[in-house]
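The following pair of complexes shares a single chain, subunit A, combined with subunit B in the former and subunit C in the latter.
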Partner chain A sequence: MTSKKQNKQSVDLSLRQFIKDLGGIAGGTALLASTPWLQSFTVDKLSELKKEKARLAVIGTGSRGQYHIHNMLDIEHLEIVALCDNYIPNLKDASVLCPKAKTYTDYKKLLESSEIDGVVIATPLNWHAPMVLDALDAGKHVFCEKAMALTMDECKAIYEAYQQTDRVLYFGLQQLFDEKYIKGIQMIHSGLLGDIVGMRCHWFRNHDWRRPVPSPELERKINWRLYWESSGGLMTELGSHQLEICNWAMGQRVPVSVSGMGDIVYWKDGREVYDSVNLVYRYANGVKINYESLISNKFNGMENQILGNRGTAELAQGLYYLEDDDASPAIQQLIAEIRDKVFSAIPAAGPSWRSETKGKYKPYAIVKNTAGVHSGASMIGADADGSDLILSSFAQACITGEKAKNIVEEAYVATILCLLGNQAMAEQKTIYFPEEYRIPYMKF
Partner chain B sequence: MRNIIITPKRIKKELLILLVCLLIAIAVNIAAIISYQTSWWEILTQMGYEIAIALVLYFIFLIVRVLKFFILKIFSKK
Partner chain C sequence: MTGTFHHDDRLKISHGNLTKIMGTRFDIILLEKGEELASGIWNETRQELIRLDKMLNKFDATSEISMLNERAFLYPVMVCPELFQILVDCRIYHEKTMGLFDISLKDLSKVVLSESDYSVSFLSPEISLDLGAYAKGYALKVIWDKLIKHNVPHAFVSFGDSSILGIGNHPYGDSWKVSITNPFVQNEVLGEIDLKNTSLSTSGNSPNYTNHIVRPGSGQKNNERKLVCVVSGNPVDAEVLSTTLMVATEQEQERILQNFEIESFKIYNT
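Then we have the complex of A and B:
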């Protein structure tokens, strides 16, 4: 009991400390320009909540839903009042975690309840759009897992519904609340890396993405990630996070075109979605995102590299490197300079032919003691990746009714880019960003 | 079997050469510190590099002296 109490206090303090830390770093105004969704979450506003609690329901109580429940149980200013799932074993498991919550098997019945302020949706992708739209229609605040929706039309419908409502809408882009991403992007926007000249993102795992199925008729229900009718594959499940980070780094700029290839290379088990994707997203100024994902080799793990002419950030690892790093001792710099001159003097292999290795770059932590905490290996969620803080912020927004700036727009852009990537791979041609899906938020 | 006698004078001379090499290495490090504008503490913290450079210089001098010895020997025979 004591342990649980301490846990609750620590999460609450964590949110307060997080907000204080962000406010305290140099260039607070610049920080808010990089992260406008945090403007609603000042320490003063948090203290105004007093003892109020948001009454939330969780729709979809599978692995991700239960991960959210674990985080939610540690947040003081919310209570889980209802659970909903049409797969009974998952609903029972979730009920064990929060026995006081009322259970539903039909989300529409749940939305009729006046005792619910908001819903947390963690269902298969094809259910996102109908559930978000119905929940907003029912007057509920909504937190929905990423990606936004299965199709571009559904994304547009959600975006337009959000413009019409006074309800709060969040999407599960937890990196928006991850301190090392926030500070890393601020450093990029401040010019530490110079001009962004390219971006490289990858996510590698060695796992078939399958879950055990108790009977064959449940295959598409449980392994929904493997079929196009309910999933966007690697792009919506993994790529959406990384493309959002790229656009965040580029300051709301959005790629104008995408081309790529997708294949089922290894897991030929009846699935429809690719297990290997390689794409190139191109911005109007020529900067490109190289995106690669593979689930039959985990050697490279997960990374989001932002490449500038003066340095490189590895945001997932929470590190950055400088091109002209003068931190090495003088004698080592002198030896390196002599070595470079000796090698560059070889007539057949001038400076442009010399191999350049990463070895000479010294890593610096974006935030102390957080480097390397997220390898990307977890199927459900990583520790300290912002997932608890984004839920805490959502609960706060449910109480205050204050919408968070840009979260819906960021989710919209990232999801549309994922879906355009899937289209480019399916049609094997370059796809240009369609006019009909452009929104005022986007800069090209 | 021929006995090789290293005289105290020879030892003193070799140590002196090694000391000069070490001073040159430290001077190179000081020049690098001035040039790259880094911390003066590197005179101490980079002692390993300085010793390594001193040993390299010592062996270069050694090779030069051995060559000089053989060349003088050849000319003295003539």
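Then we have the complex of A and C:
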């Protein structure tokens, strides 16, 4: 076993142990209730699998597909039995990673195989809906990359298909399995920041978002992210994660309206999707998400700030800050020592502490290990951001058949919001959340 | 200002905290009281601190001292009996400290106190009273009286580290023990002081706050790297002396201390 593999397994076990431990602490049950997709993500459930392995196929073996394959190769309870891509160079690359897997160029043929329990879909956005629906129809469990689909109607069709099926369906919202997001949101739900009064999310890069194209006729196939026929642009590719996090922080509440502006400011290279977007999502209680993404300046990186009247969380960095950070460390020490029956001199005496000398907010870490901090620069994915754990959970679910609560609903809400954002920018007007796309899960 | 109160009923510890009060934060730890009593005492303490802040804090433009500072040169300003008594008290301290404790920072003789109607007038437009070297000690004394009234046997009270009161003792020690840390050198402990039914006041400069203590008369701002610690059963004495001794020469220190009965006095070079 490689050390990287050991490390990944220990991250997996550590989150599973954390979920198990939560059940034992005061308030843990309530916290678990707010992350129901994690209920089965425990060490015990993993050991119940014994030596069983989910037989999985990867559809779409480009960069993100190969990133998943790397993670999947380290997960004990799955095996990659098939690969599919209609772009041969990518299929060949993936085949090198898992030589035993059968290869396909037509996903429909792959879905006919009875030796496949589930599929991992990492294809361009316009392919999500047909592939997810066909795979569910073929009786396969499905893990599909975010966003859910290219159009709101497709999202609705997937949501409805999911209501009818007994198959497992996951979307690649890896932050749902990222320790710093889970703990951060739980801290927010426990009242650490007070009332949420606003949210600011941004994703900045300085990159044209292009992949090299071997011959011109492949432009739209390879650079699918740049064209509306196959992509929702920055919103679906980057914003969907961030909007999901906002709704999660807000306790599954969903904004009622969105306004925004989108433009091609810098990368005027024939693309159709915006390279600069600014949007405001507004919740019924007046709380707003300010969303901004720009890909010709990377100064601000990526961040999801949750602003409360008592503090601020920067969830991407795994940090939080308090508004009135005036707790005296000496007094805290004194209280802790009395609790521990210790008597010692506490460092409580000195020149007067002055609140007005406080210059900066002091950062506190949400989790001790900050290895998974995502700078936002990578176009494929970061290490330890939950991408491997969500696949571990999916593979487990393929074996047990247990559906994961809320994941489909969260993906649905986040994707619809992205698409409404795109509509608001295209039509240059405020868009209200349409009745026909509301689902019972949503609270406004 | 914002405040919090936490009570642990199993351990019978209560912690009350206020921020942005008298230019600093305030913490009180009460032992051996149930939640209802403790929160009652905390509420009373909190009200009292807010009341005193409204009277004595010159950085609050609506405080009584600010009103006084604004108008007392124009006409005699009547003040409440408590503030009047404080000003009389400050005059006595002025005398006992050879003029080095001076709430006018310039010339206390230009402040006229009229006992007949509790009015105050300034004889110069340049006079402005600053109770910064007095108020926290006074507030500690007021709070101490309240704690006695409520039969609190053990408590630890701190005004932003610089004015501390130890009542009774730590549950696992025979006093409250504090260490004095060097503001210029992280984690360097300069000394330890045991507090049992007494108070400690510390004055000095720190890296981000210096030149805030002024020698009256010359107006010279003190920028020495030292800390002055005074332990006294009277928190007002401790408060007044820690600032005064900061600007006094060694000879002056000796003479001033003859006028007081304090428990200990130390100067640390930082």
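Everything below uses one rule, namely that the second predicted complex is superposed on the first by the 382 of 444 C-alpha atoms of A that agree within 3 Å, B and C clash if a C-alpha of one lies under 4 Å from a C-alpha of the other, contacts with A are read in each partner's own complex, and residues count from 1 in each chain.
Here is the rule we go by: contacts are C-beta pairs under 8 Å (C-beta built on N, C-alpha and C of every residue); 3 or more make two chains touch, one makes a residue touch a chain.
This is a predicted model, so every value here is computed, not measured.
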item: Broader residue contact with subunit A after superposition on the shared chain, subunit B or subunit C; value: C
item: Which superposed partner A:Val342 touches (first subunit B, second subunit C, both, neither); value: second
item: First (subunit B), second (subunit C), both or neither touched by A:Ser190; value: neither
item: Touched partner set for A:Asn300, first subunit B, second subunit C, both or neither; value: neither
item: First, second, both or neither for A:Asn285, with subunit B first and subunit C second; value: neither
item: Contacts of A:Leu334 with subunit B and subunit C, given as first, second, both or neither; value: both
item: Contact residues of subunit A, present in both the subunit B and the subunit C interface; value: 326, 330-331, 334-335
item: Residue ranges of subunit B in contact with subunit A within the complex; value: 28-29, 32-33, 35-38, 42, 45-46, 49-50, 53
item: Residues of subunit A that touch subunit C when the two form their complex; value: 324, 326-328, 330-331, 334-335, 338-339, 341-357
item: Contacting residues of subunit A [partner subunit B, same complex]; value: 326, 329-335
item: Residues of subunit C that touch subunit A when the two form their complex; value: 2, 8, 11, 13, 15, 17, 19-20, 23-25, 27, 29, 31, 136, 156, 158-164, 170-173, 177-181, 183, 189, 192-193, 200, 202-206, 208-209, 227, 229
